[in-house]
Amino acid sequence: MSQKYARADGRSIHQLREVKITRSWSAHAEGSALIEFGNTKVLCTASFESDVPRWLRGQGRGWVTAEYAMLPRATNTRNSREAVKGKIGGRTHEISRLIGRSLRAVVDLESLGENMITLDCDVLQADGGTRTAAITGAFVALVDAIEWARAEGHVRKRAEVLTDSVSAVSVGVLPDGTAVLDLPYGEDSTAGTDMNVVVTGSGEFVEVQGTAEGSPFSREQLNELLDLAVTGCERLAEIQREALAK
Amino acid sequence: MSQKYARADGRSIHQLREVKITRSWSAHAEGSALIEFGNTKVLCTASFESDVPRWLRGQGRGWVTAEYAMLPRATNTRNSREAVKGKIGGRTHEISRLIGRSLRAVVDLESLGENMITLDCDVLQADGGTRTAAITGAFVALVDAIEWARAEGHVRKRAEVLTDSVSAVSVGVLPDGTAVLDLPYGEDSTAGTDMNVVVTGSGEFVEVQGTAEGSPFSREQLNELLDLAVTGCERLAEIQREALAK
Amino acid sequence: MSQKYARADGRSIHQLREVKITRSWSAHAEGSALIEFGNTKVLCTASFESDVPRWLRGQGRGWVTAEYAMLPRATNTRNSREAVKGKIGGRTHEISRLIGRSLRAVVDLESLGENMITLDCDVLQADGGTRTAAITGAFVALVDAIEWARAEGHVRKRAEVLTDSVSAVSVGVLPDGTAVLDLPYGEDSTAGTDMNVVVTGSGEFVEVQGTAEGSPFSREQLNELLDLAVTGCERLAEIQREALAK
Amino acid sequence: MSQKYARADGRSIHQLREVKITRSWSAHAEGSALIEFGNTKVLCTASFESDVPRWLRGQGRGWVTAEYAMLPRATNTRNSREAVKGKIGGRTHEISRLIGRSLRAVVDLESLGENMITLDCDVLQADGGTRTAAITGAFVALVDAIEWARAEGHVRKRAEVLTDSVSAVSVGVLPDGTAVLDLPYGEDSTAGTDMNVVVTGSGEFVEVQGTAEGSPFSREQLNELLDLAVTGCERLAEIQREALAK
Amino acid sequence: MSQKYARADGRSIHQLREVKITRSWSAHAEGSALIEFGNTKVLCTASFESDVPRWLRGQGRGWVTAEYAMLPRATNTRNSREAVKGKIGGRTHEISRLIGRSLRAVVDLESLGENMITLDCDVLQADGGTRTAAITGAFVALVDAIEWARAEGHVRKRAEVLTDSVSAVSVGVLPDGTAVLDLPYGEDSTAGTDMNVVVTGSGEFVEVQGTAEGSPFSREQLNELLDLAVTGCERLAEIQREALAK
Amino acid sequence: MSQKYARADGRSIHQLREVKITRSWSAHAEGSALIEFGNTKVLCTASFESDVPRWLRGQGRGWVTAEYAMLPRATNTRNSREAVKGKIGGRTHEISRLIGRSLRAVVDLESLGENMITLDCDVLQADGGTRTAAITGAFVALVDAIEWARAEGHVRKRAEVLTDSVSAVSVGVLPDGTAVLDLPYGEDSTAGTDMNVVVTGSGEFVEVQGTAEGSPFSREQLNELLDLAVTGCERLAEIQREALAK
């Protein structure tokens, strides 16, 4: 993996952008984090409710779900609000579902009890990697919401609700064939292959979503991308631990 | 107007909360401001487009419009997203229209030329007075967007697009009959009369919206409230000038 | 307040159009009134239900709400039906909410008991002032619905459900600066400032909604408009009393 | 056809309710009629537009369409507004389409030129037979709109836009087997078979819609119903002619 | 009824297209049939649920309802999906309601008990007569679902849930005045009068829906069409019996 | 990869279900295929249009898009129609987008010219693997539509519109840790990890979507799954070739 490619922001190919997590950003939510991956800024809030959706009632288990959205001017040109259009686009749905699944992969729903936590991930500013920033930040908000619920007596004192941590990162293949970690918008829009990988703190995969935008990718490239992603998520797990240690 | 009432945050009845304007908060928008009225935080972005809605084409005039929204967990309990519900509520519509009208009152649409500026006012955190904070912050974003458009040649060099500044504040009558300025949520929810007043830099009215939530109000109370509002907006106009001077 | 302006319909500036209230227009509703302000015709029906919305159940209080709508050809050019467009516009929402609030201001919801009254205000023909005609007519329909409910035993015999009467009128400033009462469409569309005022029978304010369409208005003009509105609502209260006396 | 059945309103089985047509009810529409079939009251307005829907442009032909709706409290219990529900029900759609087809059957769309007429049929009060009243009244509004268009020069002076008149009536079989004409709600809700028949002034059929609500009906009963309907429509055609002669 | 007209597919005017019923096409549904009227192919599935809609609960009666839809490319040019457009068109609604009513006419809802059967009729390929094929096929699926329910004990052993069979066919008047049975798309699109007739196994009418697309039709033509339809439905009833006998 | 697990249908872990492709199933579409993966049946139609969406006009390139849907009773219990609910669910959106992307990966949009092909994939019966069957069948329909367009002169004679073939298959990890190919519903619903892999005829990846439903998966398991998927898609590519050779 020789570095032939010079990235616009001077990073090496296996380096994350500067990641910053501001915990408890919100005065109201049970858990919250403003996460920044370079210029990408996502506000993640966790809302606790001591009830579950109707289809889950009476089963002694809880639920964790997520909703992702983007402010209209988070991007370079303004997008119409989905509320104004009256329907949620496919991309929004897809990312909301991905975030929810990723978090549930490290939650023991039985230990959560008949409670629900909703993660709202609102992109205030977008510069690539919004969904992976959202997952990484939402995990921090989730931890705080669970601790809040424990303190309030909604969750048993010693219940091990979380089985691991979880974070996510994007990787991609640039037009010259270089595989790179954590793509800002400029790289992402030209990448031939784009992949989002969700990894637990112990290094196992929760989601692997690789897409050939231009030409298909080989097994070798896939392996290279997975290596980069695992390295990136290791570093993100550390950053999460530091934020939660404060 | 004797001060019989002690406000929870120690302010006098004719005192604003701490108001903070962070200009150019957004990396992408042509103008932007994060405005804080105490714990109320609204992100205002101005998006410039060198085109107008179809019904206005060919008339040599521009348009200024606004969209207001609240993040689901901006408030103490989570609200469903309007995009998920598939329709925009009456309150959201009403406030969006108010913001648009208030800004247009100080814009010379002929001087703007066939251009449109959309103000997005997204409430990141709510503690009363979100619509008045939105108007006050949106004006700052609007100024910057107009200057951007002038610099880019979309607006004539010497066109006087803005005829004045505009800001807004809430006033209300508390249960004991005291009229107060700039109500946080705690006061707002108990106030018998609630009034939002939009005032230009030169002290004239753009909007006066007073509502008796409980018992009707007298002409005398109305006058007392208008006095408070005018004072508050004078102070807000100063704060806007300071922010724009930086 | 010298009369420099000659109104198209020959009225003086502080004179209402001919107001006509046809009580019990509908064969089905518990209360109803067809109200005419000149060429503006609004059919107001009050529907009684011995139940309340879910969020109010078990609190021993009732609810009064309103829905405003316009027939597609109530105006000079046909408007698309909101049912066909699949959503209700901001203006419709805003007016429905205003009517509901205005009526609730004179209703003692505890005395109403766990009952709901819905006022439907359908504009059959529009010529300015439809929202103020709707409020004035809806009050008459509301009185009849409450009396029906009392006769049927849904409301206690001596319960004082209504604390006062309520009516509304529009006032505005014409391009030459004249303040006038009860504007038909022709005047309304040219008025610089437009204000809707809702006043109780005892002369107190329920709503004051003033908007500068063109240039902002001064405190002096505001006072002049309020004077006109109070006079107009005094006359409307008389007309309501006469209609209800029949 | 012996009369074994005594109708609640004293009519004979082949007698219409009192039918009243108030022409030019609306101050704004190009043609209008308030039609009453007993307690059923439908306001029909015809809106002329010198344009056609996109799919018809450039073909030298016009279009006639209709929209039917019911005020929420036109019936004995209040129905939710379709605009509030955000979609139009199947029954509304079905009736709107029926009215449009019925009118087009007597219009020469070539002679109409590239113009469109929209008939809005709003039921102000319902007591059975609202769709048949709507067709009968809409025809009168249509005639006036076409004459208006001719006078304004939108339609050629001698163009024979209308090829005939059209009216409609309901017929049904009561539980005891009696076939009756023009059913009010009370009869309609118990009728085993319900049929709406649209007939031209020269006695030919435009629509025959018969439905067995309870038990199926025989060929003999069908013939009896058609006889009644033809008689009813002959009388309606006379009433239309009288209204248009004024 | 002399045969002056040569049909494109060589049939005589009173002859059905080849009708084929493939029973139990679906592996999941309680009853199902793929019905073909020539090139028209409709998949009918019957879904049994041991519950009724809320408005029917506790009355000891069941319900039978239907939903009709067309695949986007069932027709010669692709139609947008109604799910994508976000609303169901008038035609779809109208046909769904027709199918439901037609089937309920031969069901004794008391004998069905508090159970609901939903017939889904999805047009896989369209060549005229889709609604009549749907009714004819749905009846077969309904029979199987009722027998399934009986076998499972949801319906009493000897309950006579079905009072008769039901089938439907289209008839129409071609431009040269010939009345024909079972029109494929080619004939249907040129027919002056179009009629759908729903007939029970014992030869009585459930629905008669005749529409003059071009010029109105006479009583004589109506009779000719009804004769053809009755003959067609007799043959369809035989084909249903044969399919159910297998 | 020892075979410890006995599959309910007797297949070995690296064996596909019986795959059957019925080409030109539809009489109307420019290309079509009914594809069966065991009990999963998906009707794929390709609709050609010699125009492109507005955002693509004038760029000399074409577009390929897809819409996926399920008949309400394709599954074991009936699902509400999305058209009735008025909105498309997240899962539907996600799969439609996946199919479109997968096909575009093997299409040279420049060679297609300013034309659009829409693939409708309607699941008539579901038993796991509907999205992978849809992609595999849609490719066959796409080939035929392109050949139709070539024959009709919409596409240049020698344009190499397709750069490769494409097919897809599901793989998963069963509760006992066995990795298996092509999961029917019974296996899919218990699988801990579920992965859909889209592979070109030359063995490169277009999409890799792996999801841990229960516990996260290791790099080793990921490799095992990818091996199975590649084998499966090789076999599917053969079956596609055979179908297209007929």
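Miscellaneous remarks
For reference, chains read A, B, C, D, E and F in written order, and residue numbers begin at 1 within each chain.
Simple rule for what comes next: a residue touches a chain if its C-beta (ideal position, glycine included) is under 8 Å from a C-beta of that chain, and two chains touch if they have at least 3 such contacts.
Chains and their UniProt names: A, B, C, D, E, F = Ribonuclease PH.
A quick note: this is a predicted structure, and the numbers were derived from the prediction, not measured.
Contacts with chain B (Ribonuclease PH) and chain F (Ribonuclease PH) are shared by A. Common neighbours of chain A (Ribonuclease PH) and chain E (Ribonuclease PH) under the contact definition above: F. Annotation, chain C (Ribonuclease PH) versus chain F (Ribonuclease PH): rotation angle of 180 degrees from the Cα superposition, expressed as a multiple of 5. Look at the CA centroids: the one farthest from the centroid of chain F (Ribonuclease PH) belongs to C. Chain centres were defined as the mean of their Cα atoms; on that basis the chain farthest from chain D (Ribonuclease PH) turns out to be A. In the contact between chain A (Ribonuclease PH) and chain B (Ribonuclease PH), the residue numbers used by both copies make up over half of all numbers at that interface. The geometric centre of chain B (Ribonuclease PH) is 28 Å away from that of chain C (Ribonuclease PH), both derived from CA atoms.
Taking the mean of the C-alpha atoms as each chain's centre, chain A (Ribonuclease PH) and chain C (Ribonuclease PH) sit 51 Å apart. Chain A (Ribonuclease PH) and chain D (Ribonuclease PH) have CA centres that are 59 Å apart. For chain A (Ribonuclease PH), the set of residues that touch two or more other chains comprises 86-88.
Under the stated contact rule, the graph of chain-to-chain touches is a ring, a single cycle where every chain has exactly two partners.
Residues 87-91, 93-94, 96-97, 101, 105, 164, 195, 200, 202, 204-212, 215-219, 222, 226, 230 of chain F (Ribonuclease PH) are the ones touching chain A (Ribonuclease PH) in the complex. Residues 26-29, 32, 39, 43, 45, 47, 49, 67, 69, 71-78, 81-88, 92, 118, 120, 122, 124-125, 127 of chain C (Ribonuclease PH) touch chain D (Ribonuclease PH) in their complex.
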